[in-house]
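Chain IDs A, B and C follow the sequence of writing; residue 1 opens each chain.
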Amino acid sequence: MNSNNVMASLEAMLFAAGDPVDPAKLAEVLDIDVENVIKILGHLEAMYDERGGGLRLIRVDGKYQLCTREEYSDDVRSLLEIKKNTPLSQAAFEVLAIVAYNKTVTRSFIEQIRGVDCSGPVSSLVQKGLIEEKGRLDLPGRPLVYGTTDRFLRCFSLNSLEDLPDLPEEEKKDDSQTSLFEDDNPDNDTEKKEDE
Amino acid sequence: MEQINYKIDVFEGPMDLLLHLISKHKLNINDIPIVELVNQYVDYVRQLQEQDFDIAGEFLEMAARLIYIKTVSLLPKHEEAEILKKELTGELIEYRDCKLMAEKLSHQTDGFNRFVRPAQEGFVNYDYELFHEGDELLNAYISAAGRGKRRLPPPLDSFKVIVAKKFVAVASKVSTVMHRLLGGKKVKFLSLFEGAKTKSDMVATFLAVLELAKTKKISIEGTMENPSVQMIDEVKDIEQ
Amino acid sequence: MNSNNVMASLEAMLFAAGDPVDPAKLAEVLDIDVENVIKILGHLEAMYDERGGGLRLIRVDGKYQLCTREEYSDDVRSLLEIKKNTPLSQAAFEVLAIVAYNKTVTRSFIEQIRGVDCSGPVSSLVQKGLIEEKGRLDLPGRPLVYGTTDRFLRCFSLNSLEDLPDLPEEEKKDDSQTSLFEDDNPDNDTEKKEDE
């Protein structure tokens, strides 16, 4: 591998990593000396500076990281604000509704109701601060339990979860049959299957 | 017949096995010699049983279906057999196209070696700041739980999603059939095939009728000879 | 802002966003025409290709995204300790083909074509982010509808679903022997074994 290719590979690795990376790890992957890696990273840094693009290479605590140039921070911030203010997807609404009406639920419970993998909507709701982890269940695998947050109550103008609109009668009846958290329903088999 | 000793998990299902048999014995997919195919298929399934394979229900279900088609095709009047055969042909062609496309896709997977990055942190916090009504949650819950009582018939659009752009052009046939039935008209089943130019045209029409019957959009009544077809909600309207 | 700065800002924004970005949003931030944005993104793409670094700019369903070059995937993988991705199964490719060619489908539609239960491959494709739920049908049971994702397009090097390989033409002559199994039977068995 010539030094241009090494530089390109370093760029690709730093790009994909996101977080700061220890040059020793980069050296290990490329199977070359750390000194060499640091030297080539120096070239990469210089190349970024000369080219005057939107990116730069920075050192944080002896580690290296690609990031955007300060000049463009305002643009970056406005773009991310636009992205942030997109309304919830239908999937996210459904997951949120299941969490809210059941107060605390595991992901596999949500998936059982919705019939589909829900890791995407769950983590996006956590990121948006609408649901949060409330602990773990004392069950095999110790699954995480999620509940809604105060931010959730504010976004839906509710004082408490008691203020949620009532479910139609039949929904309520059915609901108590499926809820995992009525302790009288130790039907954990189905849950385990979902976890696999 | 030669010894068959491949494993059941080699095949993705009964359709896959049928396609294999059709190509192996150079049968014409557009005019399946049903007797021959049944024998091949049943032989194969029997061998699996002898080897104590746990045969998936789908394989047996298909065997039953093939045997039924064979039985009715032995009757002196075997229009039903022809129809059932066409149905099977349509499904086989569809699955064959699906396999072909899967094969093409499997040759262009370079992009799996492209990596992207997570959004850069520190610019914005992602706390949600929009406001909603509680009713939106209620509706979402009912939608998720799938038990909401539906009082209205599904809109025509919702069928488009099920049957849209099928490998055989069933979607257009759905609208043609629906159009024929507008206004609560009772139409003879065979008349739906008038004007069909090709075999696949007819197969598509047939599948469209099945699809509509399955989703309870139309009703079919009368004898197997030539039943009449009618839209279901139209029927209700008249009765009320 | 001159066009070099615009290009640098575009680079910074795409880098920070991570996900594919709609050029209209970029235009909104920069307060210039979308056409202009697309033109300058073209320059950026060419610049990446000429420079031969570790990154490239791709188009996904009309949106733009930065990603690493395929050549460096092994290095990226070993840095991030990502397992060599297990190739998709035959079943998964078939399900993907059905979803991609029909744009949006229910699971029962997929099962109708394949003639077998598809819950396994469907949920594994959802987990891999290659297909996602696109809503529910207004039919009894409110079945979920699936479609392909941006990640699907990226992984299969497609700009959009319009770029999918063409479907085979309808049989020209009704009674012509089927021509799809060109590789006559002898190697059929071996071929299947390889698929496993």
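Keep in mind that, in the parts below, contacts are C-beta pairs under 8 Å (C-beta built on N, C-alpha and C of every residue); 3 or more make two chains touch, one makes a residue touch a chain.
Owing to the predicted nature of the structure, the values given are computational and were not obtained by experimental measurement.
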| item | value |
| --- | --- |
| Chain at the geometric heart of the assembly (C-alpha centres) | C |
| Chain pair, A-B or B-C, that carries the greater number of C-beta contacts | B-C |
| Centroid spacing, where centroids are CA-atom means, of chain A and chain C in whole angstrom | 21 |
| Cα-centroid distance, chain A relative to chain B, in whole angstrom | 37 |
| Cα-centroid distance, chain B relative to chain C, in whole angstrom | 25 |
| Multi-chain contact sites of chain A, meaning residues that touch two or more partners | 12, 15-17, 68, 76, 80, 83, 90, 114-115 |
| For chain B, residues that touch 2 or more chains besides their own | 115-120, 123, 143, 146, 148 |
| Residues on chain A engaged by chain B in the complex (per definition of touch) | 12, 15-18, 67-68, 73, 76-77, 80-81, 83-85, 87-88, 90, 93-98, 100-101, 113-115, 127-130, 151, 155-158, 163-165, 167-168, 170-171, 174-175 |
| Of chain B, residues touching chain C in the complex | 6, 9-16, 20, 22-24, 26, 28-31, 56, 58, 62, 91, 94-106, 108-120, 123, 143, 146, 148, 150, 154-155, 158, 161-162, 164-167, 198-200, 215 |
| In the complex with chain A, residue positions of chain B that touch it | 115-120, 123-124, 126-138, 140-149 |
| Contact set on chain A toward chain C in their complex | 4-5, 7-13, 15-17, 21, 25-26, 29-30, 52-55, 66, 68-69, 71-72, 75-76, 78-80, 82-83, 90-91, 114-117, 119-120 |
| Contact footprint of chain B on chain C as seen in their complex | 15-19, 56, 58, 65-70, 73, 76, 80, 85, 87-88, 90-91, 93-94, 96-98, 100-106, 109, 112-117, 136-142, 145, 154-157, 164-165, 167-168, 170-171, 174-178, 180-181, 184-185, 188-189, 192-193, 196 |
